[in-house]
């Protein structure tokens, strides 16, 4: 299982993080993680899972899995397939890829069957609490209005982090909480940990920067 | 552009065609295509595109692309990503992954922008005609009730093939028609060509067989 | 708020429960409820809400609301609209109309704003627990494989009822639980109450019967 | 069948056009239509179909139907139900409620079975041409970027109207074309007719105005 505290980089589907670019960023994360001893992980597009997981040592996640078993499901993301390509887990229900409740439940159970880590995303405290009832091993709270923005959730809405930590623990205290949206530097990461989260999930803060290594090093500077 | 007549194998998400198994089947297709000179192609899960396209010489297709541009679309299938992984085209709107009309239009235009072949699937003559109006380079007609079954569309419903050929030509005579559903042997393939199609799309007939090479060789035996 | 114990009839979209037929069945429910003093309610198609709520005295529910506010949402079900037509509440996330988790949360909050009762459906104990975290006033557990069948959930899977009651109370003890799927007679209803539920949700057991009044009377015979 | 030229008002789900408000606007349309002899129709929310169709004489449409037959489809819009409530047709595939291609085909065929008019919406010339292949009796082209705006499609993009008329006629010359998006006054309506359309589809131009009757009268002033 993913070790915490952890910094998880979600590559999304930016040009700057597709194919060779994804691998290049993943290698920087890998290098900085090894050098600093801080746990890091990346979630990459399906097409990039195999190469990234072969060439870096930190954990590689899928960005999504579909609620299916092997069979006739042309074009959907089979949990077994991301596993066989080298992923150790998957994001589930990201704000940009929301799922029906019954499908979140099914994706979590399929991931558990395959020993894949589950980072299930929620948009507020109430849905975080609801997801906690499904007992994924990780849960990430990200207010959608702050995703991709310049202000970190830890400054703009620290209550959503501490409130989610509290709500989630009450329902299932084995679920570890990550937070995300607008996270960009070491202060944001340190604050996330202080608020009770086990790490951060971020994307544009690294991917859209001109000096990715500098940003990545800064992220861990206060830990 | 995909050369015709062509046999396209859709790997779907079967256990027998995921990861290493997908590559093994793709290699047999590759070998038989080279030996016989008959055009073949495979559509594979996103995770398998890169390795398959590196290790075989016949065209590799994605099973699906999403109607998106590069950006914040966690977990969706970016057309640029399948291209960068080595795919030369994609299935679009497969019966197991149907799309909204406006999204089919957008996927076709995105694929054209990226010089990716488009095999757009339809479920009957009317929707084939509708898709022809969008001018993809390929269109595959597959009656959903025959997909995965034991009787070939060419025997069960030859009129849907000849009717689609006729309807499509009337709207846009540059669109090439494939047919599929239940196709299993050389007689079925020969009949498909005779009915006016430029090839076949098939899946379980090969993937679920115990002797895949034998089935693949049989498929081209009447051409 | 809906009084309990209660028998809720979901009209679905059967021919036998559309338009005038819906009204006829609703009138029988109304009559038997008044005569016996047992609480009953009906959920009807959007088109039938207004007339049913004008002509019967028992509560009328919508079968679904969409996660929207007033505005440009052609063809979706506006919570304000079902309220203005006379509904006192709505089913949300029925097995035949599943919603994304964030949308269930939003539908519940919109319904509360409008003082509409919420009967949120779940397919198993875990999703019941997740929904309880969102604090609707009612929650209905219905195993999808038993819906429309001949064996009542109270016989086939009593543990899902008692387990849901327990799980839900633990998360929010103000949420009242209904159960459904295969419920057909007074013994089933009595058993549902005995297992801790506050009522039943049923459909085909009444709607597909030749003598609807007899079935309705039988349902309350053991209370 | 809807007589042309026609002005169709889509009520959408605005507060100003829900419940009693919908009926009030529908009555003004009805009055002006009778007085001027210009064909008009309204599409209203499901909950409002019955009362509007009982109290006005101009045709009432549903805003949407789902691709279903009578049965177990809780909360979906059954074509038979909107018919039994008094609708004479339905919008299908509105930009705010897009459907899968196969479902558009199925909705059209279900509507034809029930003798309901079909106004199928398209977002551009290519999808208009695709929809024409399915032979609905009406097709409405509305560029989504102009919907709800201040500039009429007939000024901002007259080519999309004339181009759609031409493309549609080529595929099936029995399909009548409407156009919409930003239509607000008599000049816009007259221009729409001049460009070859058989009428207009509009919404906010009437619904958001303070003097609805004045706007409605103005719309027909140049015919």
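Chains: A, B, C and D, in written order; residue numbering restarts at 1 for each.
One rule holds in what follows: a residue touches a chain if its C-beta (ideal position, glycine included) is under 8 Å from a C-beta of that chain, and two chains touch if they have at least 3 such contacts.
Just so it is clear, the structure is predicted and the values come from calculations on it, not from any experiment.
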item	value
Set of chains adjacent to chain C and to chain D	none
Per Cα centroids, the chain farthest from chain D	A
Centre-of-Cα separation between chain B and chain A, whole angstrom	34
Centre-of-Cα separation between chain D and chain B, whole angstrom	37
Distance from the mean Cα position of chain C to that of chain B, given in whole angstrom	44
In chain B, residues with contacts to at least two other chains	none
Every chain pair meeting the contact rule	A-B, A-C, B-D, C-D
Of chain A, residues touching chain B in the complex	10, 12-15, 18-20, 43, 45-51, 62-64, 68, 70-78, 80-82, 84-85, 91, 94-97, 147-148, 203-204
Contact footprint of chain C on chain A as seen in their complex	93, 98-105, 122-124, 126-127, 129-135, 167, 171
